[in-house]
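Labels run A, B and C following the written order; every chain starts at residue 1.
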Amino acid sequence: MKIIVFVKQVPDSAASVAVEDGKVTWGDAPLVINPWDEYAVEAALALTEAHGGDVVAISMGSEDAKEALKHSLAMGCAEAILINDPAFAGADSAAAARILAAAAQKVGDADLVIFGKQAIDSDTGVSAAMTARVLGWPAITLVAAIDALDADAKTIQAQRAMEEGRQVVSSKLPAVLSIVKDYGEPRYPSFMGIRKASKAEIPMWSAADLGITAPEAVVSWPEIMSPPAREIANEIIEGGSPEEIAATLADKIMAEKVL
Amino acid sequence: MTNKVWVYVDQFKGEALPASWEAVTAGRDLADKMGTGLTAIVIGSGVEAIANTAIQYGADEVLLADDASLEDYRANPYTAVFAKAAADAAPDVVLFPTTSRGREVAAMAAIDLNTGVLVDVTAMETEGDAILATRPVYAGKLLCKVKCATRPQLVTLRVRSFGKPELDESRTGTTTAIDAVMAEDEIATKVLDYVDAGGGVSLSDANVIVSGGRGVSSNPAEAPADLSAEDQEIWKAHEGFRLIGELATVLGGAVGASRAAVDAKYIPYAHQVGQTGKVVSPDLYIASGISGAIQHLAGMRSSKVIVAINKDADAPIFKLARYGVVGDLYDIVPALTVALKERLGK
Amino acid sequence: MDFKLTEEHKMAQQMVRDFCAKEVIPTIADWDRKQEMDPAILPRMAELGIMGINLPVKYGGQGFDYITLGLVCEELEYADTTLRVVMSVHMGLCAMSILQWGTEEQKMRFLPKLASGEHYGSFGLTEPGAGSDVAGMASTAVKDGDDYILNGEKMWISLATKAHVCLIVARTDSTADKPTSGLTAFVVELDSEGITTGDLHGKLGVRAGSTGWIAMNDVRVPASHRLGEEGEGFKIAMGSLDNGRYTVGAGATGLIRASMDASVKYAHERETFGKPIGSYQLIKQKIGRMRRDYEMARLLCLRAGWMKNEGLRNTRETSQAKWFATDASFDAANEAVQVHGAYGFSDEYPVERFLRNSKGAVIYEGTSEIHTLMQADYELGYRKDKPLRCELPAFNAEEWQAEK
């Protein structure tokens, strides 16, 4: 089996993100692999451990994104590729999906393409579905568990986490998956993987390498800003027994007319 | 067809999600502003009743794809129906609820229709037929304005961000049947079953959320001695989440949790609120035993009224809380359940 | 001069940091309160490869350098001192001594199991009546055919009840002209007949760790388990301390950082007189000093690690690093409690644990007083390090990382 996993480099989820001069800043918080993507890498590695084959990690971005790829290599991916071309700057989700699909095709023969649920910076959560559509493959998004995979018959059965519970679906391969946290904790990088990753030369693919011209972005971001500060009157309810405190609190909640 | 504003109605097993009606209401406003009519598109099997309700919520016209092959939601056949209808009629704007399905159909249709999608939008302004949308990024730590240069503009609306829908039973409109596009043998996926579907209140729809954090394990009760240390801790936490669940039930709400509580296996991940869980904005959010890590705050800060119950007076959660109680959740939560039950006449 | 950590260093550091953040920090206060070691922790460290981090791959290790060992210790002690103590005894004092002094046969025999964490190593030097005064040791080893027979008691032994092997120093020659020259080191398997072990309780700190005693009653140890020559025990023990002290110093650096991070967080959260306490000069002074001490301790430890990598004798520099870092970690933890005020006095916050944990390292592996004297003696010319028969092997990436 060949599995491609797409990963992204993002500011750490603990970062205090702010806007300065119209640009997003995150102080000295580190850039890390998108936490959701670690679940995608975990799923890909677990599948190849069970069914044989290799995982190729691919990221699109500046050279910083090599960190996310090295993390993926250290977790156990066999190969990593960085898609990097100034022409791709400003790509919207659909443009990115077209670029990623071209990369998946250049890798060739993949049985699965796996994404994390969403990136914690842009929070769009559409990459898996869009890339599947460009490739013309079925999308099985929000996968919480993979029940079965038959590498020879090229079929997969998975549980998707929807609002109402889990939908159990089967699909033909190749397919595109996105993975949610229920799948199970991602492994740490292994020390052996770290040694390998730190020595790895990560190839860079440009638009020319992919044989495409940069797809045009139609979605633009004219403005990014901090949310308006919320003035909250904090009121600490104290005094008396828990019952008395609860009674006061209950009265206040009722007075808010939110129930 | 002349209606320039459309709404995609998301449904599960023949029931439209409340978020779909929020989208219809928002679509009605938008259509009026743009001087056009509102078309709702309903896809499923045995979903005719939804078409009528869509009209009563404000649609002028419903496109109804009702076919056995559309019984269960599957991305490709649903997208195919929607994309074909949209390609034929060329609306300017399509609003979707940001549900798992709405987001996915919008995303895939954007590829088919060579357009863009504005995801999880919390506010919209119009400039002629152009939408300038506001959406949270970095889990709401920042807001971003976005627009789409091509048509149709596919916009998914964040659940509970647009006004409450109002039903007008006197409204009338037309329903036009449209066909399924893919034959069963062209569809690569099959839906085999549902697990745990249909139970409980979903976090994103909930009007009230009562959440527990790591503090839930500081249960004064003694856990059974034959359990391992980790299991004793989980036993204690389960008891705490039972109390939290009782309060949530009295309030008709859902149970949430911090990442710390989920990581410690006190409660399944489906309950996690925060940057790597669900982003929610209920009318009432009661945080008990949650200190308020930045990732958690990002996921619930837009809740209307926040109540915090925590032993540590310096916990960051208190800064966001309208009402705070410095105390033990094991004392306060059960007492609050009793007090609110009484006041709500339950 | 290059102050940059390599990619390998940074990734290993991050991996251990993530492990601690996910699997140690959330529950450590409870284990500390219970005065028990989390039974999952040693197997988990083994499974992740931490227990063999800086042993060559051919001995089953992960093939990282000595600087990585220091970085790992910093991360472990950032979470809790007990985890770093494991590395000090298992790796610094036990496995690295075998790496330094062992025959190839002994290395192949003992190191792979230690590296994989199938076995935990410990170190038996201190006795009820012999701490800094190593020469006052009462344990004996008497040659009997192809074996030695060991008797005596070792005290304050980390992992005494958990370890599988222990590097034990005992007196083989009571007539030697210098009391230090009659000592010999042995790798003793702790399931040998005649060994009993127990844990000590009521410790001020490292309560989530295991500290105990080992009693030997006619324990038969094959001569092939003797490390080095007869009479080399003192030199081996002192050499071990060069490695143990390095891990202690690096760990203390992590404790300074933990105290600093907790203080900074609290200084932002806590308000008095309408302002966050971080805005007050006396709080700033404490935090400023923590940062200064952290950087100094870190640089001293990195230099010691670098010297080990290069194969340079580092007894003097390691002593400086251990002495400074442990004193500074005690100060930092003490000030962190002060920053937290009354809350710092309660176990709702981690800083009281930091303070209790920081005290031990000022005492073991050479008290601060011993290090003061050592440094003075070097300076005055009273003390000189003579070359050892076996030096700790320099780090050689190619050789260490070569697959078998």
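Points worth noting:
We take it that contacts are C-beta pairs under 8 Å (C-beta built on N, C-alpha and C of every residue); 3 or more make two chains touch, one makes a residue touch a chain.
Bear in mind the structure is a predicted one, so any value in this text is a computation, not a measurement.
For the criterion of most C-beta pairs in contact, the winning chain pair is A-B.
Taking each chain's centre as the mean of its C-alpha atoms, the one that lies farthest from the centre of chain A is C. With centres set at the average Cα position, the gap from chain B to chain C is 52 Å. Inter-chain spacing, taken between the CA centroids of chain A and chain C, is 39 Å.
Centroids of chain A and chain B (each the mean of its C-alpha atoms) stand 20 Å apart. In chain C, no residue touches two or more other chains. Taken in their complex, chain C has these residues touching chain A: 6-8, 11-12, 14-15, 18-19, 48-49, 53, 62-64, 401. Contact residues on chain A toward chain C in their complex (touch as defined above): 70-71, 74, 188-192, 194-195, 197-198. Across the interface of their complex, chain C is touched by residues 214, 229-230, 233, 260, 263-264, 311-312, 314-316 of chain B. Interface of chain A with chain B (complex): residues 11, 13-14, 16-19, 24, 35-36, 92-94, 97, 120-126, 129-130, 132-134, 137-142, 157, 159-172, 175, 180-182, 217-227, 230, 232-238, 242-243, 245-247, 249-254, 256, 258-259.
For chain B in complex with chain A, the touching residues are 12-13, 17, 72-76, 79, 99-101, 103-104, 106-108, 110-112, 115-120, 132, 135-150, 188-199, 202, 204-205, 207-208, 251, 268-270, 272, 275-277, 283-284, 293-295, 301, 304-307, 313, 318-328, 331-332, 335-336, 338-340, 342-344.
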